[in-house]
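One chain, chain A, appears in both complexes that follow, with chain B as partner in the first and chain C in the second.
Right after this comes the complex of A and B.
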């Protein structure tokens, strides 16, 4: 058979598809979802289900409005909207009214993702923007009304946990001594008030390790983000109380949505820099911004920090680019410049002698 | 003044050259004042009145004003009327006056008014100019009222101050919501406008070349039938 096929340059393609990667992320999110449902009961399950349904349904309705056939929509369905829905549900607390996850889901998918062109075209993370939208729109219900988990703390420290504030807000407001809960409890999420998916750090870590093993994300980036936030918090508190405040390190990284944000949201392919060099710039700045904003606003700001830094990603991509094949390296460029200068000087000297 | 010219000027002001939605002029009051429909109407009518007066006066004086100092003269005329409107509003409708705040004196540098003075009133006769002032102002008013109504319904759960329900999405009363609503309204209006223009153009094309079957996307079945019958 003499058949010549002419095609464009990527001739060898990987077997990984968007669908497969997103399915991996869904699986990685499951332990945290399950732990959230265990801690906060059927209400948490309802919030998660509503946000997932709202995200997936609004994506399908949008595509139907674009006159796509339902069969092709089903065939093209990658799990990105489901991931968005799960993440969005996980960063709401379980006592929110039913309309909050629905409206936030519609906003996240229709405005943030589909209007910019669908999967892979969004400029900011849809789930985070959905949460920020909900936070701005329904401040009264988003800030108060945190649910108490059904499982009590293993070893609560002295001092009572007042209802209506998460450990993080207590720490930010009153200092680390008044957090009222041990680091182990913060890690396991037992007796910790918070959003559905962010209290059990162990489950999130398990999901993260699964993603690293499946090579969906690189372990470096969440670690860099989390460590920078912790170090920065220690530094800020040390300056504030004028002594070394190492005891703020663990509570600051174990409370709030830092693990959820670092493992699942900040590592989003679409909204993080393309190159490794760019990422070495992006994640430390993200950590610094998170710690600074946390210190000055006294609220949980991981979502705001990631949203803010997402907007700087195009800038980082523009200025920190990989070297094009054949392009001289930086040192070579400097060398060439110096040589050109010397040559120009020599020419000048020769010209002077000639005169 | 013929009917066609009247129609042209009115359609230009209200839709085709709508200052907020097509020319994107005067965005500062549009974004800042559209938290409620009432504010939108108040601002729009104030601008309409000033636009009418300034356009008329500038058109009357268009042969007197030397070309070199026309902008200062326009600003002087506009500022006079803005001052009058401010005084009247402060005396008779103090609530709206305080709601509009700093944006009322800022009408002096509003680019819609300066733009109409420069591009229309300084070149056209008095009647045309005053009509243009009225219709451009009304175009501004309806756009502001619509954006204000959308933001008020979604953000405060009320319309013209009447409470509809207690459900509120506070995002729409914030500055981010203003930009968002404005952008979406511009997109929808321009999409609608483009589709109407397209349809009109296709009709004209068919009148000119009845035997030519138009091969455009979204063609109607009825249009196809007409084309076949013409063959």
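Right after this comes the complex of A and C.
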């Protein structure tokens, strides 16, 4: 008889693998990357390429330093570092100097991911932390020098182009009336300044739908995050101007990096809660935190908000867990407690009478 | 009685049932080899004590292993012949136990139990105990203990789900021996003194549902095809809507669950006075040239059965005893049929997808399919760190039914069931 495999049950497995899922995420990111390159030209392509190469290369070099064989590194390559590289490039703007994506990429992979133990062990999202690191370290180049879409044909459909500030900073600083651009333009990214991957919401949405169809993410979570951010912004503005500010709803969710963050970064498996119950707690809080931080800091804070909330994920994972099949439900528990209390009371009264 | 729709349990997984290989083949008697090795530990609990010696002549249906202790079961000889050895051998799970090796004389000189005079609950239970009947779905818990529950019981649930892929032995029994199975079910109900009988059958067996609908005292519950529908707790939930409380037995929810094969064995023991020494077993998989449902005598070697069903070894990758989700892989085919074996599978490389585990990415798929609503990734995490109390507290490991749904969907191919087994055994040691 020839050799047979002996393993633990189950002996048949599903078709999904980590590699396949991460490849799906890369495919879903492509439309937004392509639109970024169309809008912002070859410089955008350069930034994306640099950050991808930096991330993938630093992961491989790190593993080589751990004396892993190059063959096994290639065999174990699971596209997670490529996803990090693409996301990192997408949340930089196209005019950043060449060293920014490289340094941010090395930081994201080596410090945030590999030092914590590699794939699945990082406590915060590497791409977001890389961006925040670059934002703090190279503040001058990160918040100024936004590129205008280079191709002349892509002009805003309505309104004027204000140079020097993104629509979101414009809105946060000077109020929604001075945003100077229509919601449709914000949705399509035409004539909108911003980071490479975040301006074309249509492309991001297409990628998100691909992920939902491939069952990589659940549609509920990005939707919950985006909606709570919008509703919270409306609420805050209504209180500030003492009248119902519904006109801030669409601009607030369509500008800035909210779509990119909600679809691709907040839904990152490693740094989001692993039960649905936990996710129902996580995403609304994330939305509220984003809206509040945006209002008080007057800058784009989606990445900061996600980074902050990432740190609470272990807490949510530990204390919020589903009801085990056969465990009493919450109402049953309360009922049992009340009955026990009454029984104790009755016993006490009886005891007193006996005395 | 007209079939009712069963309730749905949340979660679980959907697997291709792959029953087409052996679904249409009639139950046939397997040939009997020259030498049979009958295990004395074919059930949960204490192994039976051998009551024959080397050199003794035994008859078919003669008691050769006496139940020792409360949780134990009698073992009968499945052929007539001479005992040539009593020796220790490993079973597919790796535990060693005593085997009685019998040289078959091909006479089939049969001995049967004494006919019963009445059909009182006590007599039926006594007969079931005497015939050595155990739960034949895989666990092997002695049936007579299940039939004398500590708490009042009002419902008998019969497990006709057969949710494991490939296996068709219960299906064939339901089709070919409907009236016998029904009589067995009625005897079980009588032993429990209940009148409410529900049989749960998955929707992929419409012919079985039709057959059981003709009986007025049996309620058919049509279950959605999902794995693990055959799990006791989920079957009870889907058939009656009751949840078995955490850490309690089905009897605490007023139910007793019995398997189709067990019901058939009860019928044979009570009406035909035949002790349990053979069962129906499915031999299937892509490497089997002739997939079939065989009536096999206990002690027949797996190798003999594989040969009979034309095992093709060119692309053989895995041999499994039981179903592909909960069965155990075989190191070789040098093992012997027992009461609990419902299937023998030989899978090729297209059916088995073996990859090394990679780190957990926290996708939460395992938790989203766990039918017990546990957190397998947390159990794995704490177990790998050696913190078994943590696995119990945060993952709920002791409630696991080890159905393997979590490991089936895991994209990182973590050995979750192995971690769970380790944590459970370590916690039990304390």
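In the analysis below, the second predicted complex is superposed on the first by the 326 of 355 C-alpha atoms of A that agree within 3 Å, B and C clash if a C-alpha of one lies under 4 Å from a C-alpha of the other, contacts with A are read in each partner's own complex, and residues count from 1 in each chain.
Here is the rule we use: contacts are C-beta pairs under 8 Å (C-beta built on N, C-alpha and C of every residue); 3 or more make two chains touch, one makes a residue touch a chain.
As the structure is a prediction and not an experimental result, all values here were calculated from the model.
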item: First (chain B), second (chain C), both or neither touched by A:330; value: neither
item: Partner chain(s) touched by A:74 [first = chain B, second = chain C, both, neither]; value: neither
item: Superposition-derived comparison: chain B or chain C, residues of chain A touched; value: C
item: Partner chain in contact with A:66 - chain B first, chain C second, else both or neither; value: neither
item: Partner chain(s) touched by A:322 [first = chain B, second = chain C, both, neither]; value: second
item: Which superposed partner A:137 touches (first chain B, second chain C, both, neither); value: first
item: Partner chain A, residues of chain C touching it in the complex; value: 9, 13, 15, 165, 233-234, 237, 243-246, 248, 313, 316-320, 324-333, 347, 351-355, 358-365, 367-368, 371-375, 377-378, 394, 396, 399, 402, 404, 407-413, 415, 417-418, 421
item: Chain B-facing residues of chain A, complex; value: 99, 103, 111, 133, 136-139
item: Residue numbers on chain B that touch chain A, as the complex places them; value: 167-172, 174, 176, 180
item: Chain C contact footprint on chain A (complex, rising order); value: 1-2, 4-14, 16-18, 20-21, 76, 78, 80, 117-121, 269-276, 317-318, 321-328
